[in-house]
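Next, two complexes with subunit A in common: one pairs it with subunit B, the other with subunit C.
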Partner chain A sequence: MDETGAKPKRSGARLCCTCNQRRAALKRPKTLEQICRECFYDVFEEEIHQVIVTNQLFKPGERVALGASGGKDSTVLAYVLSKLNKKHNYGLDLFLLSVDEGITGYRDDSLETVKRNEIQYGLPLKIISYKDLYGWTMDEIVKVIGLKNNCTFCGVFRRQALDRGAAFLKVDKLVTGHNADDIAETVLLNILRGDIARLSRCTSITTGEDGPIPRCKPFKYTYEKEIVMYAYFKRLDYFSTECIYSPNAYRGFAREFIKDLERIRPRAILDIIKSGENFRISTTTKMPEQGTCERCGYISSQKWCKACVLLEGLNRGLPKLGIGKGRISVNDSEDRNGSDRGKSIASKQCGTLDF
Partner chain B sequence: MMQLTLEFGGGLELLCESKKIHNVNVEPQNGSDKLIMKDLLAWVRTNLIKERPEMFMKGDTVRPGVLVLVNDCDWELSGQLNTSLEDKDVVVFISTLHGG
Partner chain C sequence: MACNGPGCNSNCYKDEEAEVASCAQSSERTKSGDAEANPIANTLCIKCKVNEAISGYGGIDDGRFCADCFRNNLFGKFRFAVTSNAMITPTDKVLVAFSGGPSSRVALQFVHDMQHRALRNFDASRDRSLPVFGVGVVFVDESSVSPIHSNELEKAVKDISSIVASLTPPTKELHVVPIEAVYSSESSDRRDKLIKLVKAVSDSTGKEDILLYLRMLALQKVASEFGYNRLVLGSCISRIARHIISATVKGQGYSLPSDVQYVDARWEVPVVLPLRDCFAQEINMLCQLDGLKTLVLSTSPHSGINSLVSSFVQLLQEENPSRESIIVRTAGKLIPFHFNRIPEIVDGKTPLATQRHQKRYNLKSNVSVSSESFCYLCNSPLDKSETVDLSNLENHRSSDVFGTSYCSSCRFQILPRDPTSLEQFYTLLPQSVVARSQQVNNRNLSVLREQIQDCLLSDSEDET
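Our next item is the complex of A and B:
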């Protein structure tokens, strides 16, 4: 029966194309099929299971942390992954891992959602905070640097915080809720920026296998529309307010463009991912040699990692250090590898979508 | 006069004074005897949306990325803007664009 007791629409009440019995509840963007709620749950979960199996994302017995923001993607991922883990006996030990950037009115509220998820899904939660890790909250950082480059800090710090949290939990892998729309958007942005290295990396379902903790994206082919529909029908508890420090204008345009394309031709999202995958451009660009940061021990191609450079700037009252055209003074003298030089990290808008 | 329940989610509630559920009475528009989604959207924009209407609408329809359900059914199955509404219908708007 209808969980919500909503009355069926009399006219145009169509039947599900899968079971032919129940009233269709949505049109799948991927296939344009009309499908009922129950059949939708099945196919949604089954497709993610297939992605996990085909790409061999996990091995039995692995410890896996889920990057949990309290938002729709990671909430649905936590729900579906713990369900599939039981149903198909993946044998995974799952954890929720959240980063507390220290953003009043945003992260504190979304963390409340994650704490409820911890109880609802029975997954242990670890929260790692910028304050503990770096001595600064985002609120404090923004007070010093203003709203212009805060996403540089946010992005660099978050990536490292997740890795550190994952190391603390001693997990083998980190999964994130990036969905098909996110990936299509990132493909587009990397093309617009001519960032060949990131373009070929951003469609990989698993990244960072050379780094401390591999990251993977089980929602790589999952449409945002379906994630939100799933959360809505299942009444999953998620948090939806934009980061107050994230204007993200450029990325916003790319997103809007993707959504406009989707309206005309829903397959466009998968097509863009496919194009991204098919860009096999042979470059002579050497990937920067990975060493470790002399200061904190995090992986870095330079003497100091980006987080340490940014922190040094903050602590010395020179917050612009490390932002802009690659003038990272502490690293200038002893650049381990020239290829990463001059590549401004400020060109990235926000860390949440950085692959 | 038609009694409708309108629900805003996924961050859209922020555009209407953080209130998620609105019980409203809407009259069929333009002298017609029925109300279709196109009319309702115009009505919502005028009467409920208090800020940043561009987050809700683009042209005469919802902004791409806003999902619409009429009685818990995707409006893409019922004719989108031409979906006709009846008394006591429940219309849900959810933004997919906020947060991950």
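Our next item is the complex of A and C:
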């Protein structure tokens, strides 16, 4: 193993291996280097800055919406991005964009966190609700369909809600807090499900460039553990309760596997992403054709977009419409997390806004 | 066309005259196997609709076929893989890698069945235009690097010899080689050298993987020394699925498609995987049904990435019996490499029938990627971003160049980090690895040379 045999020594004699001045306070999850807090902040922020610069994620003067759920990823993203924006003069107009699914006891609380973030970071916040957009709250939907497949509705609706909110804010880009663990997990899941179309695009740092609002993931190479560490040391204000509709949220088996891998080889996460980037997919492979929904005009590969199909089912009292159709439901556990279109990451708690 | 009749009864007379297990098995054996495998079976075979289906072994087809049809189905998958990829043609000499495990045991059995059948056709045909392909068996003795006791090894070799001896006619030559045979036979300390080499790898996954590469080198060595032109491996879906996930985890996404095809001709002797469409569970079931003897040799306890992946895939497979096949199909959609097909022979010596055979079947890979450089250690094709700039190649000493053309996975998990151990590691590598790297460099140089040929004033390499 490449664990370099370094046990975290509590004696305190060890110095940060970057600055060689301060006492090392942590073992960096990505590299296992022992460094001090200050150096950790620096390297964490600098890496994200480098990702933004080398991938040319933003142009000066752009309006950028941050998908904000109040969870750790989006909170750290909002903090780091506004910091980098000032420090490196990106010249961006940043906004927080939240979706209110209408889940009492969960989203109302997390939205309070986002509202505090609005003040803390001085970023304007827009909340867009399922109720306004679709006429249904998740609470109402769950009353109708029960606790099975509810995540499918939520996931499909959220994706569109974010786009509509972004259009409302007239932003040029939407950034989400997907981290390296999320992307590695998506790569694996797409292999396991045989979803070659998604496999070919799930590692792109920017997606939907042909659509109205491109999305990008500045945390593509950022480890979840480091995000947690950053939030912890910076004492960032974030919300960490699970969605009440996915009780004891099933942690995806793929996610478990990635955590196990990370334990014996931290770089495995980056290696999976690298593999995903290097997969060469035959151009003869049938890819779904991109079109627009005849009903609402949203991007869709079918006649109607998934949200319209689901909504039609709800409104006509046939909530099963559009669920599990044309796709073999791989297993119940994946269903719980909404293995349906528009949803690609199985282990995420469904209440987060990172889709 | 054997075995397609109702209940296979039409073909079963053959067994009485042939002692060996051929595709069509006697119905007596079927029934006993049936009863053993599943005493509570109450469904009829979906194919013959006569016999009771056997079940409980796993895989997609579990519980669908009776023992006869199961066997035929499995053999059918093998035969289809062989014929549709031109793996074995009448003039070939095939070397089957036999580890003693179920997969390679079944590969050996099926190759034998096929050869046996070819022999009968040969005897029966008037013009004898189609010769019978030759079959040899190789067993790699890894006792120098695994905890195998000498008694255990002795017994294993004895068992393997008797298995191979039982597979006649035609007789098959058995080659037992120690894995240290990757070193040239002149070096007397090759066993020590190998142990040192493996010891130099600190990562436990890397240790397992380097053994895998060395084993392939040993197999290739035997194959080319004894004039074989195909190397048959028993890799099944289950194994390939695991490899796909491990390779992904190790960052080998670029080279991955090269390892999961039916044919891999990047080696001197092309490697073929005729069991690529069979599940491990099916293979185990066949061994059980037909009483195929297999052996399990002691191995070092597995830890690290490979075993983690293995248990992960096993979990997935239990939850969904087609999971492994989905994984392999997904990877199958990635673009293969130009060497993932049997190279066509165009010299005049090839019998017409063989040529026809190849023409018919070898035309299917239309898209492929050609890659000029390979990792010196694992021989995986390298992405352009991973290779060095060859333009100033001659300014380097050979060892410098040597150090730069490894895939990132080998660099990370196999090569020692510090320069001194790295230097020593190079000296421990088998000559064939070194030779391959030089060969590759020379090939690259000659490609470069060709491009500038018109501007060179001298023909000799030294003066340019």
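Note that in this section the second predicted complex is superposed on the first by the 303 of 355 C-alpha atoms of A that agree within 3 Å, B and C clash if a C-alpha of one lies under 4 Å from a C-alpha of the other, contacts with A are read in each partner's own complex, and residues count from 1 in each chain.
In this section, contacts are C-beta pairs under 8 Å (C-beta built on N, C-alpha and C of every residue); 3 or more make two chains touch, one makes a residue touch a chain.
The structure presented is a predicted model; accordingly, all values stated were derived computationally and were not measured.
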| item | value |
| --- | --- |
| Which of subunit B and subunit C A:80 touches, first, second, both or neither | neither |
| Contacts of A:199 with subunit B and subunit C, given as first, second, both or neither | second |
| Touched partner set for A:213, first subunit B, second subunit C, both or neither | neither |
| Touched partner set for A:278, first subunit B, second subunit C, both or neither | second |
| Partner chain in contact with A:260 - subunit B first, subunit C second, else both or neither | both |
| Partner chain(s) touched by A:24 [first = subunit B, second = subunit C, both, neither] | first |
| First, second, both or neither for A:182, with subunit B first and subunit C second | first |
| First, second, both or neither for A:171, with subunit B first and subunit C second | neither |
| Touched subunit A residues, subunit B compared with subunit C | B |
| Touching partner for A:239 - first (subunit B), second (subunit C), both, neither | first |
| Subunit B and subunit C contact sites that coincide on subunit A, given as residue numbers | 2, 260 |
| Subunit C - residues contacting subunit A, complex | 202-205, 244-245, 247-254, 256-257, 304-305, 308, 312, 315-316, 319-320, 323, 326-327, 329-331, 333-335, 367, 369, 383, 408-409, 412-413 |
| Residues on subunit B engaged by subunit A in the complex (per definition of touch) | 9-11, 14, 63-65, 67, 69-74, 76-79, 84, 86, 88-90, 92, 94-100 |
| List of subunit A residues in touch with subunit B within their complex | 2, 4, 6-14, 23-27, 34, 69-74, 110, 177-178, 181-182, 224-225, 227-229, 232-233, 239-243, 255-256, 259-260, 262-263, 352-353 |
| Contacting residues of subunit A [partner subunit C, same complex] | 1-2, 187-188, 190-196, 199, 253, 257, 260-261, 264-265, 267-268, 270-272, 274-285, 330-331, 333 |
